[in-house]
Amino acid sequence: MKLSVSHPPHIKQGVTVKTIMWSKIAILMAVSLMAVFVFGLSALAMILVSTISAVITEAGIQKLTKQELTIKDGDAVSIGMLIALLLPHTVPIWVPAIGAFFGVALVKHAFGGLGSTLFNPAIAAWVFMNMSWGALTKISSVSHIGSASYNILFLGKYSDVIFESGAGTLAEVSSFILVIGGVYLIYKKYIDWRIPSSFIVTTVVMALLLGEDLSYVITGMLFLGVFILATETATSPITKNGRFIYGLLCGVLTVMYGFISCNYVVAVLYAVFFANAVAPFIEKNTSPKPVDEVAL
Amino acid sequence: MDKEMGVVLLKLVVLSVVAAAVLGAVYIPTQVQLKIYQQEQKELALVDVMPLADHFDPVRSGEEILYYRALDADNNLVGYSFFHDQSGSQDMITIAGGIDTEYKVSGIKIMSHAETPGLGAKITELAFTDQFIGVAQSDLMLSKNDGAIDAITGATVSSVAVIDGIQAKILEIKANE
Amino acid sequence: MEDVSLFAIAINGIFVKNFLLVQFLGLCSFLGVSKETKSAVGMSAAVMFVMILASTAAFLIYEFLLKPFGLTFLTTISFIIIIAALVQLVEFIIRKFSPPLYRSLGIFLPLITTNCAILGVVILNVRLEYGFIESVFYGFTAGVGYTMVMLLMSSIREKCTVLRIPEAVQGIPHAFFITTLLSMAFVNFFGVIPT
Amino acid sequence: MILCVSDEMTKEEMKNNSKTPKEAEEYRQQVVIPLLQHRGAICEPLVDVEDNVLIGQKIGECDNDYAAQVHSSISGHIIAIEERPHPSCVKKPSIIIESNGTNESINFKTCTNPSKEYIFDTLQDSGIVELDGYPVFNTLISKKIIDTVMVNLTYPSDANSNCTSDNIPKIIEGMKLLMKASDAEGVIIINKTDGQLASSIRSSLNGDNIKIINTKRNYIPLMNNLLAHDMTGIRISNRDTPGYAGVMISSAYGALAVSKAVLEGIPPIEVNVTVSGAVKNPMINTVSIGTSFKDVIQSSGGYLGEPGKIIMNGILSGTAQATDEVPVIKSTTEITVQSIDEVVRDKPGPCIHCARCVDVCPVNILPGRIASFSDIGRYDECSKLHVNSCVECGLCDYVCPSSRHILQLIRFARTALIRLFNIPEEKESPNLKLGCESCETPCDTGTSSVTEGGKK
Amino acid sequence: MTGTLLIAQSAMVIGGIGFLVGIVLIWASIKFAVETNPLVDEVIEVLPGANCGACGYAGCADFAEKVVEETAPIDGCPVGGFDVVKEIGAKLGQEVKEAESIYPFVRCNGGVHCTDKIDYVGIDDCRAVMMISDGEKGCSYGCVGRGTCVRACPFGAITIGDDRLPHINKNMCKSCGICVDECPNDILVMANETETVHVLCRSNDKGKLVKSVCEFGCIGCRICAKNCPEDAITVTGFLAEIDQEKCTNCGLCVDNCPQKTIEMISTSVEAAA
Amino acid sequence: MAEKTILGEYLRGIVKDNPVLALVLGLCPALAVTTSVENAIGMSGAALFVLLGSNVMISALRKQIPPIIRIPMFIIIICTFVTIIDMVMEAYTPPLYKALGIFIPLIVVNCIIIGRAEAYAIKNNVKYSIVDAFGIGTGFLVVLVAIGAIRELLGTGAIVLFGFKLISIPIYSDTPATFMILPAGAFMTIGVLMALVNYNRIRKLKKGA
């Protein structure tokens, strides 16, 4: 009889990286379905190509450097899907393919893979694509695909917050899916509640203070940013106060960029990306005080 | 201060003096060459944007040259040409331009700029500048605003800067004449 | 000289034309010293201090010595002598009067003479034809921009000690990758305030 | 959060399955009594090989301040005094006694209304050790002024084993004795969710001046400082004890042992142990100290399938045993057997910085970050991040989605830091030499804790 | 002539600046003079700069300072080897003579031939394993084989082989001894290159116990001691020990050991394949 | 130590002591001006000129240079050459001068040049200093041209050298990844190059072991 010996605890909660990732992917799948429904097969093609490119890149790198394959953890899949979802459906199909390669190869694996990504690979890939093919990937926040046609529950111009908003990118037609999915993730504690709540509250409050029309500020991209992009674990601070401040910073930057450029869709992405850069600094300066620390 | 320090100081001063003298000696010939080159460039540009002209007559306000009246061999006025600085997306863009007597553009040339290579830097390319030839002042607008000029993709700011610069100068000349 | 508001200079110096990320000035010391926040802060303070001093001194020399005599071609040589002397002087003084400060700042001072950012800021002052206030203020804001990026970078690199960085990427290449992404994060400041 | 979850049996079922000590006796032919069952110095044996001893006879003593005498739990003769496996982690000197089957005991001196002095005297003699390893007597005589005696019933292993309806009045008796000894008020801490226990306690209190406080959290013995802090609001350094806040914390086991020792004169020779998990008849056993885990499990019907892991004192914070030969000691309250399939052997991945560990940590530190620093040998950083504040509750490890061995890495860093501070004369290399000598104190609750308690 | 004037002006301006700067700096260097020892910098330059700490000081610079202060031994840097010692000696004007080269060797033959007592789950580190129940190996004296020494070696000289024992690459080893310090079980010891016969076991357990867990463990049978013509082997408890002073590397004990515990290592450390 | 040979000293500057990849010096120009191969060649040409001049001068005057004002004297010598090349380029190659911008005067503070003065020229004779200057200069050139080529090719789809279209990628050049000629692309390129060099070095080390 050879007994197992280890340090406690001797059970695990059972929530694994895999569970968290695939739950997010499930939400992204719903978002993708909506995108295909609204934009047609070109959207489907983009999502497939981007995801496949991300997965192949990851597998290739791990094969080449003789690491263990980690496709199953879903990280590459979610990066690939997100990259497609951040683009308008008019983009040629090779753009997300190259973007996904950039995101997975340079922003994920060159930095050390899962957990070491200092910047959100999907947003970084988006910035890369935007810098390279600005004209092709241009997102505008004005062209709504018809708030008139979906006037839900007498919400008037706010109804597109629920059903579609911004209508620039694939992700933006699914505000309500993102909100439901995000709340589910928070409920299951797969993502932290502090970042989304402080992000969205700051955004709304700042926008109101500046006198912006909320129907331009609250876009589908904002919800994607709040629930999926900003809560990406490796790129946000781990301290509790740090996460509040991080959400706050995301919100402030979103409104600032949006206010100056009149484009609240792009603003969310740049805001979260810049906040990624500041996250370690926030984290460093919000070290918690343990309960047993006695003032001298 | 002892003698050793004096020697040190002397060496430093001697080196400085020699260095400065050498620089002064190089400065003079290069400066001459630079002047010649700049003049050449200017003249070339003026001719480029106003091919009909034979010589140019500067219109001044005080020391500053506002623009040139382009005259043919018989001293008839065939148009105007000018240099203009306009702020672009990064830094100043220096534009040379020529217009005929009906205030239609006869040609433009970007003299210097600091726009992003590959983006705004495309304003120097013929594909962009040739669009301007023959365009009337009223049509000097982006095509998306029903004008005659197609912006460079990804560099609207730079494109608009060039258009705006020429617009402003034409209005100035109109007002002056 | 165009009329440039101090606010525009500040935004330009800190964000739009950030010395490190956009203008590529001062990279050697940036990569060398940003491993730890402590030394990053020391270096930043030293750079900011010398930038302000150098902007002041250079303006005076340029305006009252070089320009009147038409000796503008001597700009570089006179500026670099001034900077070298200033740095040396500051080092002497700090070492004598504040050994603790010298211990934290002093080791960075020799690095500063050969830091492009300092010479860059004074030459840019001349090229942009800034007046006295603007020159000194530009020196200050360029220093602020330098400090900001330095702080972000050093916090990131400190966090990196617990990350699994591939062997071949460790060290300088990794620092470059971080800089790549930092630079991308600054990209959207382009065109916020056209100069 | 439920701290102990593995067994599906209700407490009722366990009680029905209980065996009296007599039934279990057949397995008790030999006991191994370690000479160290507390934090502090190892006891000197008072007996020699081949001596005969009686139940309750003192067989080990030490004159150190931090000491807890050990007593024989059976009558028989001593066959050896040697190093034997110990539930903490490494071998400890122990006295091995073979039963002669007579159950002869020394004369236990009963007392119905003890004076304060009598309580002190008996407690000093009885060597009762709290579940966190501190001898009760030492807590009482420490210079700190105790104004509250708290009985912590939120530690599931302890509460499950000791809070049977028979025992509850005795626990309250013991608590009152402690209150009398220290002129303090009494408080009983119960988890909010444990309504049944609260009501049975309330019915046994009949008008005593004892308060009941409900908490959200379960407190394991190592969280005593935290418990005192949560109740009083006073911050207690990890180098201090709850006494700093004027609080003495007792477990159900401790209170029970005090009442037994003072009123019935019986020193701690028996403990109540819940046997759960992959055994045939999970139940609460009353076991003589020194009985091997193997025998205890046998008396619960034996293993169900092949055992994968044997854990003392709770599945979340307990110690896994290398062998089932280890003896039951004073602070054993639960033995859990996991089948081979239940054993957690997930491969650790990289930290994904999800901060789930940060959110559950009761002492508000950054467990995952400390673990990462420990992993790369940066113990200085661990120290800066307050690694010594950790109360080893194991929650961080429990929730980590990347299956990182957070608690082990934290303990590792602490051990490294002790080495660093204990041997300053060793060269100041950034590399630290580690080994198990750091673990001089017994870790009966499964810890190689660094609190300076026993080291004078 | 403007040209000459210009040159003269330039010379005066830069000469003037140079003069002023020179005066100020010389004045400042005298006024604010602080003593430093240039020797320290010279010594730093000679040192290998690995900052490994093997010398026992906080990095190369600290060591250099201490050497100049003569509070550290001149041959205190094990990494640099004799060349460095000679150079430091030259700087400080001291004579030095070459030491014999020593390398760590692995005092355990168990590895895969030694049974596991428990199934350890946890962090992959020898020290961590030793903190639980005397380790996972049947033999509590043996090499744990989880490579703490591999990670400790600043020069990458150690690898764990298929036999789950460390192998030291003599070409890369700088004899710094860090691995010896780090090993929780004292498996690694420094040995002179000329000493080639070693007892590859350090178990003091009874022979029967050793035999039950390890194929190659020393059982204390004394056959080697009886066979040694030089009386170099003593068996205390259940473990043989070779007195290297007396040993002539004849190899008789190696041939006679029933457990194959004693081995002759041709170069004391084998180069990794 | 092995005997110094002229070839050896030259190659050392290119490979072992490569100023950018191995010594990590002179990064600013290496990144700022490498938007095209042409600029890269111009920059490294200018740097080579200054390096050569300063190495020769300093090596020739090395007996005359008092240690305490070593650095100021180096700077003055270097700066003289920099200003000369600055003026000459402004006059004779204005477009290139314009493209290189502030980085020509900044050669003064380029760590490579002072570094070589301090580490080499002050200790060695004129002959070897010339070889060293050529070696280091070539090393700088090789890296700059490599970075420039990668960035120009990927960033614009073609390499144009002095008006000639050297290489052009057919379909790609319609929509090249502009990212590459922006600052971020520069950082990325040099990062990838260095990672590859490192990878190779580590692989060799492991093999040699």
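Think of it as A, B, C, D, E and F in the order they're written, each chain with its own count starting at 1.
We take it that a residue touches a chain if its C-beta (ideal position, glycine included) is under 8 Å from a C-beta of that chain, and two chains touch if they have at least 3 such contacts.
Just so it is clear, the structure is predicted and the values come from calculations on it, not from any experiment.
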item	value
Common touching chains of chain F and chain B	A, C, E
Other chains in touch with both chain D and chain E	A, C
Selected pair, greater C-beta contact count between C-D and C-E	C-E
Identity of the chain that, by mean CA position, is farthest from chain B	D
Distance between the centres, which are taken as Cα means, of chain F and chain E, whole angstrom	40
Separation of chain A from chain B, taking each centre as the mean of its C-alpha atoms, in whole Å	46
Residues within chain F bordering two or more other chains	68-69, 72, 76, 79-80, 83, 87, 176, 178, 182, 184, 188, 191, 195
Two or more partner chains touched - positions in chain A	3-7, 106, 110, 112-113, 115-116, 128, 131, 134
Junction residues of chain D, two or more chains touched	322, 343-345, 350-351, 369, 375, 405, 408, 411
Contacting chain pairs - touch in the sense defined above	A-B, A-C, A-D, A-E, A-F, B-C, B-E, B-F, C-D, C-E, C-F, D-E, E-F
Residue ranges of chain A in contact with chain B within the complex	134-135
Chain C residues within the chain E interface of the complex	61, 65-66, 69-71, 74, 77-78, 81-82, 84-85, 88-89, 92-93, 95-96
In the complex with chain B, residue positions of chain E that touch it	3, 6-15, 17-19, 21-23, 26-27
Chain A-touching residues of chain C, taken from the complex the two chains share	37, 151-152, 155-156, 158-160, 163-166, 169, 174, 177-178, 180-182, 184-185, 187-188, 192
Residues on chain D engaged by chain C in the complex (per definition of touch)	350-351, 369, 372-373, 375-376, 378, 381
